[in-house]
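What follows are several structures.
First subunit A sits with subunit B, and in the next complex the same chain sits with subunit C.
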Partner chain A sequence: MQEIQSLMGGFAVAMSWFNLALMLAGVTLGVLIGVLPGLGGANGVAILLPLTFSMSQQPGGATSAIILLSCIYWGALFGGAITSILFNIPGEPWSVATTFDGYPLAQQGRAGAALTAAFTSSFVGALVAVILITFISPIIARFALQFGPPEFFSVYLLTFSAFVGMSKGTPFKTITAMMTGFALAAVGIDTVTGQLRLTFGFADLLKGFDFLIAVIGLFGIGEILLTIEEGLEFKGAQAKLNMRVVLDTWKELPKYWKTSIRSSAVGCMMGIVPGGATPASFMSYGLAKKMSRDGEKFGTGIVEGVVAPETAAHAAGTSALLPMLTLGVPGSPTAAVLLGGLLIWGLQPGPLLFVEKPDFVWGLIASMYLGNIVGLIVVLTCVPLFAAILRVPFSIIAPVILVICAIGAYTVHNSMFDVWLMLVFGIAGYVFKKLDYPMAPLVLALVLGDRAEDSFRQTMLGPEGSLGLFFSNPLVGTITGASLLLLFWPLISSAIAVARGRNGNRRGG
Partner chain B sequence: MQANKPVASTRTAELAMAGLFLAFGTLVMWDTRRLGVSWGDDGPQAGYFPFYIGLFIVVSSAFNIFRALNLGEKGRAAFVEWGQLRMVLLVMVPTVVYVALIANPWFSLGIYLASAIYIAFFMWYLGKYRWARIAPVSLGVVVFFFLMFEVWFKVPLPKGPIEAAIGFN
Partner chain C sequence: MEKRTFAKGLLAAVVASAFSVFTPAFAWEPTKTVEFIVPAGTGGGADQMARLTQSIIAKHNLMKQSMVVVNKGGGAGAEGFLEVKGAKGDPHKIIITLSNLFTTPLATGVPFNWKDLTPVRMLALDQFVLWVNKDNPAKTAKEYVSAVKAAGPGKTKMGGTGSKQEDQIITVALEKQSGAKFTYIPYKGGGEVATQLVGKHIDSSVNNPIEAVAQWRAGNLRPLCVFDNERMPYKTKIAGDMSWNDIPTCKEAGVDTDYVMLRGIFMAGGVTPDQVQYYVDLLEKVRQTPEWKKFMEDGAFNQTALTGKEYADWVAKAESLHQGLMAEAGFLAKK
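Showing the complex of A and B:
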């Protein structure tokens, strides 16, 4: 078991006092970010990324930096549940399904049980996903070492097709948002020919759009504007979490082992596919409702209804890092921000990372185990503190968050233009959200745009280049074929539905 | 003006947004003309990728416009109500002024002073707090950020007259 050995090496890297302190700080900050409106995993990590620039210059510093940032992410995943249960406000999109049973539980005075169940099942989901990452990612990375430009392009195609195929609303809005991301990524100097693209003579556009600015604006400012629309009031249940409640809930939880296993599986599978955490939580809630003995009680406030979405959301959120680490293709906006961090620290994400920087990779994987344990302890012990922060009036929280966003946008490139750009993205985010234009594909396209285009052009290099190259061998052909299937899935599924409907009518009539 | 009166219908907003995207896609395609959108000697030219991106935006926006026109009852729902828009503007306008105050060609306050003023204004105007509460919160937050960025992490932020007066650059 070479993986176990590598993992032990990773623990040796991650177990320094400095790194453990960073984990504690990261998780605490992350929960805070997850609890506050307008700050979430993606933009929280984006804002704090510039602070790691100097840290990553020291030897072993890149590992410490990724431990800090990934722990912020775990914290944000945990924190989303707190607002969902106590305030009926999902802090993150994947916590929406948690409100269905979490908030009713809190209203019945069982907030403690709901929180314990949420945190514990989050931990279980994350643990399953981390174990998966430990054993699967080296295999995928080894496999992906053979990938050339056409394979990589087909993987990018698969990523973006998955967004279209799995979009909740109309696929055309997903395509519009995604292609806008690609167009914004193309702005600036073309890496191959050195020509200026889409700059229209503005010097500020020469360096292109940084996705960190887009993330801070779209998710941060946009979220604040949506929250403020509903007025300044915040009402929530009281939170008390003593050891008795925790232990009592823990005694109850093993009963739901079937739901846990099912939700972890759903989460891990969906997490590897981009944008998976939110659909995973809904899907797992729906499955649990259908298959549980207490199915009809779902929605009235039962613990199982909290276990299902939380397990899946965390499993998905964690396994979203698997394609990021092994292929350099992030599965979620937050994973994209982490990927951006790797690039800034001078690391090239992708299969070679496992060969060239094993310390970094296994340090990160080991820190996922430790970070989630630290996270569980922090959230179980500090809930009253975080709930108290939510009681700080919005007219104090909102300007402070906006100041944080402005500082975060400025520090990315030390440029005021970026701060203005952030405001523009903020207004766009508000309108996008209100009209159901998805933001995750835009952000991912902005991150991957240049690399997708590069791999496309490298494939096409030379006079014999043609689109047929994407079907030139079984491997690339399979991935491309799967992408096309996913891309046209909305069409295919509606065609199937129409065909079935006709048959049904005939039989009925 | 009634607070719950709609400013615009969802249909109008959908059409406006899709129209904007349509224009954006056209702009992207128009710019690629000068780069070359066809196949050069060594593979696709610089404009090849952006051209199809622009084309995708235009085509999918056309579908979105078509959809918006056929929204029916849902399209008549309010996109935003006057009361909501008022709240959004109450946040957005001071924020624009705040960003302008940080750095402008005439009189830059720097990010710290501007942030203190911004938080204070927000608390005073929207929160209706007394100055005894406002002063410690706004100053405390700003001093904390100053220590965090300038002293601990050594990340320089835009500075103005106050920082110059205390000799911190």
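Showing the complex of A and C:
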């Protein structure tokens, strides 16, 4: 096994005290960045990129530099879950799906269990992705090349289909929320025509509605408004605070092995394609709800509902580095910044990077193993600490959360307008909750609407564009077929039930 | 061992900063952090150049105040340009441009013009190359364009970054020159376009050298011609026995089309001449560093770097060129 040998060489590169110290620093910093909503991994890495420039001039320095930056990324992947679970405020886009079950768990006093499940499954997802990268990266790279516009559209369709019908609201409310999301996603520049849409001449609307602002407002501010109404305290403040909770949760986790495997697969596929960690987490949550035996209980606070999105998000986040290294196409915003870093350090991502810079590539891969282990240890030891935040009186923590949300909203685009927008979304979130409209479809439409639209229209451009293109080869045909099946599954399954019922009756009669 | 080299680097930095104290003071110097605005997203060509500049300035201590890079790419860059337009007289904001300096106001009607800004200097010109997949039978630009023409309209896909921006303008110019017809497919980024070409989802692209070089070296893509009046000067072998210099100009190849993209720096309107001069000198020092020179060679940039009136004239000429090309292509915003 040549890969194992190369990997061992990689460990030799990554295992210096200096690099290990960088990993620890990177992961800790990343967790902090992940906790702060708005200040995403991409921003964090971009801010630190110039610092690594002089580092990369030393021999072997480029490896150290990317170890530092990629560990910030791992840290942010871990950290995004913390505020999702504790306060229903997703620290990162990919942890929105984690709030669905993580926050109810925290309200039941099981914040520790939810955090442990989130961190552990993040680690599992990352591990699966790294193993894939280690052993079959050439095959994966070829797979990614199969994806053109129709394939991308079919993947987005699959995400929507996996998610449709999972919210508790009436179909009318779900559709209203989703259409609102699509409308918001359409604001700003249109990639296909290069025209501005729905900006009504306002300069502030040029950049469109950022998904992060909407999420911080809808979830974070909305939740605080609700809590204020319902009495100024956190539910779940009586959480147990010791390391036992970690071990207890670990005992429970092996039960969900099917969900873990499915979510890792979804995550790896979405990372490689590259579709991104956020759609991966939504798709994985939707599939888990449909396929799990406890599907009905999803959304009420069960550990499996935390395992599914976190595993997929971390698997996608990790495997997103592969298309970046082998194709030069970033699989996520953070990977895009890392890619810029590689170029600045004088490395050329692409098919030859594995051949020309084996030290760098294998050092990075080895650091993925080590960085995630370091990350897991750091966050797990802090679980009681994080859970203890819930004991701080609401009247103290709520203003702090508000300020953090406002800073987060501001940092996304350095724009004061976004802070006001966040407050508007907050009020909308409160109204949505009161009227029992689901927010998840809105968020999903906002994050994916734009991309789904682009790839659909890219497919349709030119005289040869037709719907037949979505079935034009086995790959795209399978994905489109699967998504249509999922989309109409409620109808199909009730049709089957009716048919069976008739049979039963006939037999009976 | 890495620790020691790191310590050495630190020592070097300290020594360098000690020396910088003795450099003569300028008439004007920034008194607070300078914002370097990028009217595009993170990870793209303009962003890379801005972040490289920032790190070179920090590493060589070229400026006493610090510099932050801020991405304002909303509305095809209009967000960033409008911010600088609105910051009249503020000497602590500089902006790097792409061709969207001209194309965005023309295509969208967003109210700004380069004349609202103060030209500082040109850093370089970015090249465009016509690329096809390695399996494409055409060996020259002429052969390829003839094949596209023979296939008829709508049969050949040209991929590019954005809509009604530089890549599509070049495509239209190429169509005008040759009579061939492409279906233009807009994507969000140059790296994505190169990969789509390797995967044969499109038939050709006009990627910048740096966006496609990795796939060229791996033998997946083939360059046909460069859209400039002269060949690129870089003679280092890149792929097989080919160097950038071996790629013919499109004129030589029989499809006479040329286009280069401005990578230049502007400030807000209403700033004083010595404030402009400060940045002109600062960026000249950046251009002299080995890191900058390596970056220029890696990306096969055209190193023309104008300042002062020559630069302003160049920009004015480029504006009327874009006005003409976009009017011909029907890309102008409806008034």
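To be clear about the criterion, the second predicted complex is superposed on the first by the 277 of 509 C-alpha atoms of A that agree within 3 Å, B and C clash if a C-alpha of one lies under 4 Å from a C-alpha of the other, contacts with A are read in each partner's own complex, and residues count from 1 in each chain.
Simple rule for what comes next: a contact is a pair of C-beta atoms (placed from the backbone, for glycine too) under 8 Å apart; a residue touches a chain by one contact, two chains touch by 3 or more.
Keep in mind the model is a prediction, meaning the values are calculated, not measured.
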{"item": "Which of subunit B and subunit C A:Pro50 touches, first, second, both or neither", "value": "both"}
{"item": "Touching partner for A:Gly328 - first (subunit B), second (subunit C), both, neither", "value": "second"}
{"item": "Touched partner set for A:Gly10, first subunit B, second subunit C, both or neither", "value": "neither"}
{"item": "Partner chain in contact with A:Phe147 - subunit B first, subunit C second, else both or neither", "value": "second"}
{"item": "Touching partner for A:Pro279 - first (subunit B), second (subunit C), both, neither", "value": "neither"}
{"item": "First, second, both or neither for A:Gly208, with subunit B first and subunit C second", "value": "second"}
{"item": "Which superposed partner A:Asp190 touches (first subunit B, second subunit C, both, neither)", "value": "both"}
{"item": "First (subunit B), second (subunit C), both or neither touched by A:Pro351", "value": "second"}
{"item": "Partner chain in contact with A:Asn19 - subunit B first, subunit C second, else both or neither", "value": "second"}
{"item": "Intersection of the subunit A residues that touch subunit B with those that touch subunit C", "value": "50, 53-54, 190, 192-193, 195, 414, 461-463"}
{"item": "Contact footprint of subunit B on subunit A as seen in their complex", "value": "50-51, 53-54, 170, 172-173, 175-176, 179-180, 182-183, 186, 190, 192-193, 195, 197-198, 200, 221, 224-225, 228-232, 393, 395-396, 398-400, 402-403, 406-407, 410-411, 414, 416, 419-420, 423, 427, 430-431, 434-435, 437, 453, 456-457, 460-463, 465"}
{"item": "Residues on subunit B engaged by subunit A in the complex (per definition of touch)", "value": "10, 13-14, 17-18, 21, 24-25, 27-28, 31-32, 35, 39, 41-47, 49-50, 53-54, 56-57, 60-61, 63-64, 67, 79-80, 84, 87-88, 90-92, 95-96, 98-99, 102-103, 111, 115, 118-119, 122-123, 126-127, 129, 137, 141, 145, 149, 153-158"}
{"item": "Complex contacts: residues of subunit A adjacent to subunit C", "value": "16-19, 42, 46, 49-50, 53-55, 57-61, 64, 144-149, 188-196, 199, 203, 206-208, 323, 327-330, 333, 336-337, 339-340, 343-344, 346, 348-353, 413-414, 454, 458, 461-464"}
{"item": "Subunit C residues within the subunit A interface of the complex", "value": "1-3, 5-6, 9, 13, 41-44, 47-48, 51-52, 54-56, 58-59, 69-76, 78-79, 82, 107-110, 153-155, 157, 162-165, 168, 183-189, 191-192, 194-196, 198-199, 201, 210-211, 213-215, 217-218, 220, 291, 294-295, 298, 331, 333"}
